[in-house]
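See structure below.
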Amino acid sequence: MNVLFIGRFQPIHFGHMEVVKEFISKSQSFTLVIGSAQESHTMRNPFTAGERFGMIKKALADENIAKVDIVPIVDVNRYSVWVSHVESFIPPFDTVISNNPLTRQLFAERGYNVIEPKMYDRSRYSGEEIRRRIIENESWQDLVPKSVVRIIEAIEGTERIRACSMKVAGELNE
Amino acid sequence: MNVLFIGRFQPIHFGHMEVVKEFISKSQSFTLVIGSAQESHTMRNPFTAGERFGMIKKALADENIAKVDIVPIVDVNRYSVWVSHVESFIPPFDTVISNNPLTRQLFAERGYNVIEPKMYDRSRYSGEEIRRRIIENESWQDLVPKSVVRIIEAIEGTERIRACSMKVAGELNE
Amino acid sequence: MNVLFIGRFQPIHFGHMEVVKEFISKSQSFTLVIGSAQESHTMRNPFTAGERFGMIKKALADENIAKVDIVPIVDVNRYSVWVSHVESFIPPFDTVISNNPLTRQLFAERGYNVIEPKMYDRSRYSGEEIRRRIIENESWQDLVPKSVVRIIEAIEGTERIRACSMKVAGELNE
Amino acid sequence: MNVLFIGRFQPIHFGHMEVVKEFISKSQSFTLVIGSAQESHTMRNPFTAGERFGMIKKALADENIAKVDIVPIVDVNRYSVWVSHVESFIPPFDTVISNNPLTRQLFAERGYNVIEPKMYDRSRYSGEEIRRRIIENESWQDLVPKSVVRIIEAIEGTERIRACSMKVAGELNE
Amino acid sequence: MNVLFIGRFQPIHFGHMEVVKEFISKSQSFTLVIGSAQESHTMRNPFTAGERFGMIKKALADENIAKVDIVPIVDVNRYSVWVSHVESFIPPFDTVISNNPLTRQLFAERGYNVIEPKMYDRSRYSGEEIRRRIIENESWQDLVPKSVVRIIEAIEGTERIRACSMKVAGELNE
Amino acid sequence: MNVLFIGRFQPIHFGHMEVVKEFISKSQSFTLVIGSAQESHTMRNPFTAGERFGMIKKALADENIAKVDIVPIVDVNRYSVWVSHVESFIPPFDTVISNNPLTRQLFAERGYNVIEPKMYDRSRYSGEEIRRRIIENESWQDLVPKSVVRIIEAIEGTERIRACSMKVAGELNE
């Protein structure tokens, strides 16, 4: 099968890595799409697509996973054309792996095979939890590959996430 | 008078039908605008403009209401140009029927006659209530015209609304 | 068959009317899409979608053609999502009538039945020719329905077309 | 130094005026950017950029502050290009005054000097508080310059803010 | 009268300066709009809005013209909403000075007073001519204020205009 | 060095391949950007980004070139933010290879090292020439890698290019 795996990867963590490892050997091609590629510097999307690309590339290389195509794709805020939008940027695929019910609904309506991946320990392995731990100064480094820790530290990513999370004191500026 | 009636019609229900019936006979022309036409597959806007167009067309035909022009209009997220935006897509009108205070404010600032329609039983006849009933598996079919029920069932609309309403289990995908 | 007929209708002329008349009786539904609906006040697209809507509606009414749905659709400047874009705004269709090879190519790639209409006298019955005659003060009124002449005169459309066609004297303004 | 002072100014109040007064004498140039310039007619952004421009211009003139450049800038919803976006519209600057941590983070990442202004009495001098008082019919006039009161009254701004704040009764219209 | 003077000012030249001088004394307010503010680095629009803002500001200051408001406005590529778009960014005005027939047409359709300025020597005083002379290494410095020459030289503007004008050798890159 | 190589690759040809081969061994990282990724079905950009991605991937694999990252990037039609836009989607780079003077100008203004590649036989090895030969039914297959020929044939690409190149007979449709 030709697999499409879509996520925001803010940042990539061991939960994502398990999905890649489970499906890569069964797949003829494997495309990992960095969704919401236009987003950065928000609590929900702190890293640019380029930063996420660098993290994912290094994390896969460290595991000797070679055949993944990494493709950043900007959002199109119209669900009725979203499948066509994704199709236009990547080589053909037949199977979409996604944990998101709407993503599965949209691709299923267009005739794709959709797979809901097995759950790993989602109370720990989720981008939201990792960002929460960074903001609250808890330990997060064991939830992501070592190379991802190094890149986040090199770009002062924890400082950025905390800045994005701060309450604005008033209305003086936007 | 030449009437503009704006709504999202997610889906059209008997409350909307009453407004049409009340004003159609008093109007020289009657344009029904499907607003937020670019939206679909969300809890608030589950149906595409095309699906809504089909429902409205059939519901009006079943009541032998012939002279309504149905026009889908995409949003422009700038209220300062919104009236000009609407004006550019439809034949001239002088009267805007709307239950929404901002819509009335914007058209009134540009010199239009604005009318707040009488209230029907809004605890039942509202798109929000109908979608809530669908999600919670309560009875909703008596709130909309029969042809609307048939179309929603034909496109598996109740399944779609439930998929749009599901909590995303985590952050694996967007 | 369920027919989609796409054009810009700048303005609607007897060539368009012949296509409608030829296919309306063979069709279960007939949707006339006003393309490039966001355009106006240019040489190529002098009239707003709303003005074009008014002309088409009147021209069809004068011929007692009742069952045409008129739908203005804004452009999406990405051909790879254009078919999905059109599909999202109108009820289902299976057949696309178009004289434009790219339009036929795009719909054919998505599995639609496409029809190239017979040629009427295209040296006369084309929007481009009509606009040229207006600019050069030649006779154009016999190429379009009488009600279209009346609407263009009422909105001072010939003056507008001439203003849109004027060479800008320099670079003082944009 | 060449100062950039960014805000939404919905409306300009004495807190903003104090920032201008504190830094204007120390600055070679002082550019006041009206952010979210495309917004209006919402609870958070009731006034158009043009209305805000008029209020700011008059408030500064009444204090004989002459050398401020007022520049409305529309949002670009991509933080990764936002600094370049702002740079492209205004003359060069080196210092950004902002109370907003994200604004400071973004300009600091691009090498700008960023300053967090001293706090004035923010429980009173904030746009949010002023809009709240208008909605709830409390006294707000002493929080903004007199000329701003006059302009808001002339454009019936308090009525508009109240219309923007009203709950929509249902889903009949958008 | 309250004047709006719209141009692209690529760059501001003595033709523009004469218009300002002629109308400034007759005007209660005078707003100079830098149009196509989002454009730069093309043959037709080589300078950013910020660079143009700096040139205009200095050229007016050197002539002791103080009361002009300079406002960059991005294009909205829909002429039917363009007047509303401009209105939303600047204080009220009643008179539009423009050499461009379409600009005059659009503002006149909305009820504004429009003025076509007298012609200065347009074979020399036009942005197009100035850019042509720069590309072909002819003398251009006497067509614009001295401060504009200095700014263009400081930002290596002549090199940029020549780079923008070069034919692309092939299709290797975009 | 960390190389960025930007093109539209409509389609990839032996001229592009030579650039990759010349620089890949000297580079620590090599990112090939598919520009104008949103375009397709035009004479100048017949293939979608996904189709181009597939061709490039196969052409590189056939030459055993492994370490190239292929990244489609949509245009942002504002040159003042374009470098920031590109930076946001890909890992860091320091050197930009481009034949296009404007591309080199923009990256040089932001401090990048820019390289103009040596000329190969550009009368033959250019996308424009290849598309011209396809339209005029001349031999083009020896200008591109064999796998590219196979993909173009599989997607009926020559038919599409000819459809995109056809003159529209009139104005009946858009």
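Remarks
Letters are used for the chains, namely A, B, C, D, E and F, taken in the order the chains are written, and counting of residues starts over at 1 for each.
Here, a residue touches a chain if its C-beta (ideal position, glycine included) is under 8 Å from a C-beta of that chain, and two chains touch if they have at least 3 such contacts.
Just so you know, these numbers come straight off a predicted model, no measurement behind them.
Counted as hops between touching chains, the shortest connection from subunit B to subunit F is 2. As for how the two copies subunit B and subunit D face one another, under half of their interface residue numbers coincide.
In summary, the interface at A-F recurs among the listed pairs C-E, B-C or B-D; the equivalent pair, sharing over half of its contacts by residue number, is B-C. Computed from the mean C-alpha positions, the centre of subunit A lies at a distance of 35 Å from the centre of subunit B.
Computed centre separation for the pair subunit A/subunit E is 45 angstrom, with centres defined by C-alpha atoms.
Those residues of subunit E in touch with two or more other chains are numbered 38, 40, 48, 78, 80, 87-88. Interfaces, counted as pairs of touching chains, are A-B, A-C, A-D, A-F, B-C, B-D, B-E, C-E, C-F, D-E, D-F, E-F. Here subunit D touches subunit F in the complex through residues 76, 78, 80-81, 83-85, 87-88, going by the rule given at the top. Residues 37-38, 40, 48-50, 53-54, 57, 66, 69-72, 74, 87-92 of subunit A are the ones that touch subunit F when the two sit in their complex. Those residues of subunit C whose C-beta lies close enough to touch subunit E in the complex are 38-42, 48, 160, 163-164, 166, 168-174. Here subunit C touches subunit F in the complex through residues 6-8, 10, 15-16, 19, 35-36, 77-80, 98-106, 117, 119, 122, 126-129, going by the rule given at the top.
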